[in-house]
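Each of the two complexes below includes subunit A, the first together with subunit B, the second together with subunit C.
And then the complex of A and B:
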């Protein structure tokens, strides 16, 4: 079973709530996804009420654990403050730490991220950093005491899938922590690939919430993660340059 | 006294506290966190945290996000 910060999770799908057109569809997608860990952001109450009054009540009904994020933060200082506010609001020491480097790519700023992670670990948080696919930075985050690492497959919301599968495998080998592929998933096969590469879980938001049919996509990605996990453990055959007959030559009729 | 709550100026009676501001801007206290001038005010301290003229107050809660 997946274990993050001492908590066991049956589902290996972490669901992001951003991008859903309404709460009713989101609720059905959460239930269909089987996810037990769902991200939320922290925003001003007036803005949050127009977006999604009742989000926390809905997540309670689904029986899921809330994972607050620090989305929108560009500096360690800001992210650390948001994490502390989220701990106050949601009474959880868990945080999906995001420190963004630029608006166009929304890719992480590794320097600020590591700084924020070190500070939050010292403050008693279970830190899950949204990081790049750099294996060295992942190791530095692990050394800093993070509860897991969340490398980006490709930019948030891009649907480009796992851009650098080799680096994701290197991250898997270089840290002894849960590796959660985060960002860039476009459809079920991307999630299956992430799991086949050895990831422990996959975080998905837009691919589900912005799909034409979010509830069906939630089911598809749930199955893909299970399939990818099974395939990863089953051990794939090595890639070969030339064919290797699956039917024996022996006993072939001479006609 | 005048304070700024979530970016909007508000006039409050002298002696108003963080707890008073939270009651003004939202009907639910669950899932809410407050910062005054960028510093977190723990929930247990809301009622005792008197605001001063010019304070910047952020009252935050859960919104959709990935």
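And then the complex of A and C:
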């Protein structure tokens, strides 16, 4: 079972709610996904979301755990402040730490990220940093005491999938923590690949929330994560340059 | 004792009161004096460009109400309320934006809605002020606009002329109609939440009409905005969509809206920034309104979310029918207030 910060999770799918335009459809997608952990931006929601019919009210009804994130922060200082506000608002020491480098790529600023992570770990947070696919930075974040690492497959919302599978494998080998593929998932096969590469979980937002049919896509990605997980443990065959007959000649009757 | 008390004096409440009074009922409208979502609203009547995946029933309702708009506007004085029928252009700035706009246009075309793709030159033949950078878009000829700040006073006049009275406190009545927007949650317990929107009003130099006449729905570097030009020189630029209850205008909200608007129509750099406000749409879980009976002697007409202005004529007609006959129109089936219980 996936264990983050001492908590066991049956589902290896973590959801984001960004991009959802219809809460009723989102609710059905959350239920269909089987996810037990849903990330919410402190900066984008407030008391309105807790009201009857609001986002947090809906997540509460789904029985999922809320993972606050620091989306929209550009400096370590901002992110640390938002994380503290989130701890108060959501009464959880968990935080998905996001420190964005620029708005065109929305890729993480590794320098600011590491600073913020160190500070938040010292303040008693369970830190899950959204990081690049750089294995060295992932190791530094692990060394800083993070509860897991969340490397980007490709830029947020791009749907480009896992751009550098080799680096994701290197991260898997270089840290002894949960590796959660974050950002860039476009469709089910991307999530399956991430799991085959050895990730412990996959975080998905846009691929589900902005799909034409989010409920079906949630089901597809749930199945893909299960399939990828099974495949990663089943021991795939080596890649070969030439064919190898699956039905050998030996033992055939000579007619 | 009145026949009908309407709680809420926004466009929905006033239009219901007007229609009921015109049918000879004794009507009062409770007006708390607060400005609702309409005050911030741009007044787009855009059932086609608004149509989104998974909301086909809502789209059908919007289309039906939009059909009633020309006659509704004529009754109130089309020019008086700023009704304009020049249509809407969907405009995409980058290749990514065009892919997103096209995905939706194909869906809308599949529903049989009138929207046709346009190349950049075709867009700029129609609106030469569009940035030369635009990559493409579409034309939705049936998506019109009205000025909500002119509509509401006109409805107030029409309702009172038909015999409805405006009051501060509700008196006894045979039927109570709750049309109180975001205030409806507290009155009924129904899931209506405030969905914050920041919106700007610009003004063309010399209060001349802006150099473009169609509503522009823009996709600009992943931002979704609209520009609504009025004959008096006003251009409404909106809007953010935030799950927040506060009414602050933020620097970030203004930057995002203006950057996207200026990328699409560079001329607005010269316009006066006349107003920046935040309003709250009465949102429901499925983005569709709650219209129908709610227990004895209570009818609700609320939760119109982004669509209050376009849905005003149809909501008023169907609620007046409901008050008169006691039976909801079959068209209201998917919008029953109790559907989330």
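We take it that the second predicted complex is superposed on the first by the 240 of 255 C-alpha atoms of A that agree within 3 Å, B and C clash if a C-alpha of one lies under 4 Å from a C-alpha of the other, contacts with A are read in each partner's own complex, and residues count from 1 in each chain.
We adopt the following convention: a residue touches a chain if its C-beta (ideal position, glycine included) is under 8 Å from a C-beta of that chain, and two chains touch if they have at least 3 such contacts.
All figures in this text were calculated on a predicted structure; none of them were measured in a lab.
Legend: residue contacts after superposition of the two complexes on their common chain; A:69 is shown touching subunit B, with no touch to subunit C.
For subunit A, the partner with contacts to more residues, out of subunit B and subunit C, is B. Legend: residue contacts after superposition of the two complexes on their common chain; A:100 is shown touching neither subunit B nor subunit C. Looking at the shared chain after the overlay, A:55 reaches both subunit B and subunit C. Of the two partner chains placed by the overlay, only subunit C lies in contact with A:22; subunit B stays clear of it. In the superposed pair of complexes, A:116 makes contact with neither subunit B nor subunit C. Of the two partner chains placed by superposition, A:188 touches none, neither subunit B nor subunit C. When the shared chain is aligned, subunit B and subunit C each come close enough to touch A:45. Of the two partner chains placed around the shared chain by superposition, subunit B is the only one that A:89 touches, whereas subunit C remains out of contact. Judged by the document's definition of touching, subunit A residues 44-49, 51-52, 55 lie at the interface with subunit B and also at the interface with subunit C.
Listing the residues of subunit A that touch subunit C in their complex gives 21-25, 27, 44-49, 51-55, 58, 104, 157, 211-214. Residues 52-55, 107, 185, 189-196, 221-222, 241-246, 280, 283-287, 340 of subunit C are the ones touching subunit A in the complex. Residues of subunit A touching subunit B in their complex: 16-20, 26, 39-49, 51-52, 55-56, 66, 68-69, 71, 81, 84-86, 88-90, 156, 183, 203, 205-206.
Those residues of subunit B lying in contact with subunit A across their complex are 6-7, 25-26, 30-35, 38, 40, 42-43, 58-66.
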